[in-house]
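Each of the next two complexes has subunit A plus one other chain: subunit B in the first, subunit C in the second.
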Partner chain A sequence: MALISPSEKDFITKGIEADMRNDGRSRIAYRDFTIETGIVSQASGSCRLRLSKTDVLIGVKVEIGDIISNTTSDNNNEQEQDIVNNQNESDKGRIVCSVECSPSASRDFEGKGANDINNELSQIMNRVLNGPQGGIDLKSLCIIPGAQCWIIYVDVLVLDYDGNLLDTIFLATRAALQNTRIPKTEIQDIGNGQLEFDISDDIEDAEKIKGWEDVPVTVSLNKIGQKYIVDATAMEELCTDTKIIIAVNRNGEICAMQKSLYGSLNPSLLTEMIRTAKDIGKVLIKNLDTTLEHEQVMASRANNKKFGFFI
Partner chain B sequence: MEIIFNTPSAPKETENIENKQNFHIVTPGEQITSDPAFMRGHGTYTQEDVVMASVAGVVERVNKLISVKPLRTRYNAEIGDVVVGRITEVAQKRWKVDINGKQNAILLLSSVNLPGGVQRRKTELDELNMKSFFSEGDLIGAEVQAFFHDGASSLHTRNLKYGKLRNGSLVVVPPALVRRCKSHFYTLPCGVDLILGLNGYIFVSKHPDKKSEELSPEELYSNKNEEITFYQRSAIARVCNCIKALAKHYMYINDSIIIYAYEASLPYKISDLLHDDICEVIVEKAKLQIEMQQTL
Partner chain C sequence: MDKRRINGPEISVKPIEKKSTQPKNNKDDGIRKNNRSVDNIRPIFIKPNVIKKANGSAYYEAENIKIICGVYGPRSSKRSMVSDEGTIYCEFKFAPFSCNKRCGYIRNAQEREYSLIIQQAFLPAIRLNLYPKSSIDIYVTVLENDGTTACLAAAITCISIALTDAGIQMYDLVAAASATCIKGNICLDPDASEENDTNSKFMLSYMPSLKQVTHVLCTGKMEAEQSIEAIGICIDACNSIKTVMDHCLINSH
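So, the complex of A and B:
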């Protein structure tokens, strides 16, 4: 467990009270992001997003799998079960997320320390993304109803850590899903009600995931002292009494909420926090989408040389 | 509300500093010399009589011994070094201190000052009261006194300039950037105190109202911060951001370059100092100032 001294804690808390955080930011200011997409050639979609020192790499892979309906499943995998329980229909695909925090990222992730946080983050992602609130049109992932569908695997690797991990992960997921292409399938009827399908090899034919525009991003609000802040650094997270995670989509609709840690909240403060999260979430999505568009325009230009992680 | 998404850009063409300043920078696996007369030191290995670098850094030569000083490394303590550390464990008659080294440093109960400055052997009662001096998480300023057999360094705080740190925040930079100099304790003109730990931990705090000699015995080990005004808090934040900017551009860090960077940063808002482009402007300005001073 990372340590902090009582006087540092007092300094941070009083600074937040005075709207002058340790790095000079105001309470509702974010640090700068650095984004790259489409960097992992083996994946269907990928993104690396950095927020100061926090560094997240996401690979999305689409694979064909069986549709497991609630009644027939005898799956032992707990997380998969969790997702399956949420869907009773037999004409939907699914999204499976897993987060892995690299032990080199933080002292807290060494040994078995990362297990808890890996599980927590994976579960939040699975719960937010699987369902109507997740934005993605799960029905469009279905290939043969009751039999086969596309499964979107979202694998998150945390390379470095300096606070506000969840917001970074969700923004990167949105960017990676925007970047993902699913191959086209063609269904054939081979008689007696049997269906068969072919996967198109043509890369040009691959389609974007339907509904990626509606994938929400999270805004984590940390209550420190009597005030709350967004985009906490690792040090500020150590001073946090209560944390509220709010998932917002591009229309400013709240898609999910979670309270963590042991502190309490005033209902009036909670409404204020939700309003802030809504406003910030919309700006986050707007700016992210503009950057992604810009990146695509740049990439399509001739003699454009790409720079970044895998160069 | 301003939220910025950057995309990675082309590395900037920089002038070749190797020729200008007589540096030799190497990357792992790069050949340093094939002359068999040289001996290999830290950060190197030999392959077929060729000395190669095993780390990325600057080549240093002492007579026939060649070593590479890595840029990113853990701190290697030397006796007499001023360090800033964080207490991680309270054990039998000693504290374990994180100083960003390969192993935790040790602060013995016998190497701290008692409140009130009384000189006597430490009793069992003192041992029971250890947590009231320093407890887990506390930041301390200390000096490296000696080494144990296993290589762990032994610290001491038997001077009023060392001891518990309050009224400020910690900035962490690569230890290679902090150079040894006459003093590591500074008061900047903007009313901010600095402790440049050689281990890369830099403590930036408000200049205290009372000198450390005037503190009452209880205040010496207290966890309570003094009253800090908004102006002082902004000055601390600005200095912290300047240090981070310098570290981002791998500039060495001492008092004068921090002052120059601080002056260069004054036209900008403190939170703007987090943006990459503004960091670059400030560091360039500070660098020019230093070069001008050297040519005078």
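So, the complex of A and C:
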């Protein structure tokens, strides 16, 4: 466990009360991020996003899987079962997210403590992305109703940690899903009502995931003293007793909300936080999309090289 | 004809039923399938001290939701780590027969997450600084599930009573309420069928006397103003649940 001294805590808390944080930001200012997509050749889509020193690499893999109907039970796939339990529909694909915090990133991610963090983050992702609030058109992932569908595996690897992990993960997920291409399938009827499908090998044919534009991002608000801040650094997170995570999509709709950590808060502060998160989330998505567009323009130029991990 | 018995008259008439005089609220008409109004919560029954071996325990019932909870502690922490504050450990489990589909004995990801949520909901309420080096272990079993979010809220309310029964010092009782959004209306305490029909779930736990929100959990698309409205409605519900909890505690001692 990382620790903080009482005087440091006091310094940060008083600074936040005066709307002046250690790195010169105001309470609701976000750090700049750098983004690079399509850097893992084996993945269907990938993204590396760095928010200051927080560094997240996401690989998205699309695979063909069976649609789990309610009658079959498979204990090996418990986590997938949970997701399906909530939906009961046989014409939808699904998204399976998992977060792996590399023990080299922070002391908090060592040993058994990492399991709790990984589980909490993965659960939030699974809950937000599976369902209409996740934006992605799950029905378009279905290949043969009742039998087979595309499963989108979103695997998050946390390489370095300097606070605000969840927001970084969601920003990167949105970018990685934008980058993901699903191969085209052709369904043929082979008689007796049986269907068969072919997967096209042509990369040019691959399609974007439908509805990635509506994938929400999260805004984590940390309550320190009687004020709250967004995009906390690792030091600021140590001063936080209550964290509210709010997922917002591009239309400013609230897609999910959750409290975390050990504190409590006033209802009036909570409503204020929701309004702030809504505004910040919209701006954040706009920034991300312009960055992605810019990146695409750069990539289309002939002699553009990916930097990958060498910066 | 049996002469030894008193026989009923040969001709019978249907008893005259008193017509329901309850005025129907037009606004609520037809929003919910189960004929409850939007701000209606299922009647709650709570009984403390049901498990003899446990330091504190409680049984909670609200129509088809049945939950039993045991609290052990404060007892010495199993982990060797010395801390100047106590720790809370929670195990939330759906009984294998409680849900639509059988769930295994090993806790799945959702149950582990709910355990964590319960822990977080009680951390601000329990005076952990009074219990150094010790842990408070909470075990909740859902015997019958009728709405998963409602179960989580019910579990939190039930644990509050069990913790009080165990004599653990708290700043305030924690009450929790759940809600969902049906056709743009916030409906309290959704049951399983309502939960399947809609995609938005809302759960809020609240300390009524201190007026502090201890946990909030929300999934599904909602307008920002609508979720703010839901917070208000859930807080009102928590206040009325608190009166039930108070009654239960006063009557049991």
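Quick note on the criterion: the second predicted complex is superposed on the first by the 302 of 311 C-alpha atoms of A that agree within 3 Å, B and C clash if a C-alpha of one lies under 4 Å from a C-alpha of the other, contacts with A are read in each partner's own complex, and residues count from 1 in each chain.
Here, a residue touches a chain if its C-beta (ideal position, glycine included) is under 8 Å from a C-beta of that chain, and two chains touch if they have at least 3 such contacts.
Because the structure is predicted, anything quoted here is derived from the model rather than measured.
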{"item": "First, second, both or neither for A:Ile4, with subunit B first and subunit C second", "value": "first"}
{"item": "Touched partner set for A:Ala18, first subunit B, second subunit C, both or neither", "value": "first"}
{"item": "First (subunit B), second (subunit C), both or neither touched by A:Ser98", "value": "neither"}
{"item": "First, second, both or neither for A:Gln148, with subunit B first and subunit C second", "value": "neither"}
{"item": "Which superposed partner A:Pro267 touches (first subunit B, second subunit C, both, neither)", "value": "second"}
{"item": "Touching partner for A:Gly131 - first (subunit B), second (subunit C), both, neither", "value": "second"}
{"item": "First, second, both or neither for A:Asn118, with subunit B first and subunit C second", "value": "neither"}
{"item": "Residues on subunit A lying within both footprints (that of subunit B and that of subunit C)", "value": "none"}
{"item": "Residues on subunit A engaged by subunit B in the complex (per definition of touch)", "value": "3-8, 10-12, 14-15, 18, 20-26, 28-36, 52, 235, 279-280, 283-284, 287-288, 290-291, 294-295, 298, 305, 307-309"}
{"item": "Parts of subunit A lying in touch with subunit C, wherever the complex brings them together", "value": "70, 73, 75, 78-79, 81-82, 85, 88, 116, 119-120, 122-123, 126-128, 131-133, 244, 249, 252-267, 270-271, 274-275, 278"}
{"item": "Residues of subunit B defined as touching subunit A within the complex", "value": "1-11, 86-88, 136-139, 164-170, 223-225, 228, 230, 233-234, 236-238, 240-241, 244, 269-271, 273-276"}
{"item": "Residue ranges of subunit C in contact with subunit A within the complex", "value": "101-102, 104, 106, 108-110, 112-113, 116, 120, 123-125, 196, 199-200, 206-207, 210-224, 226-228, 231-232, 235"}
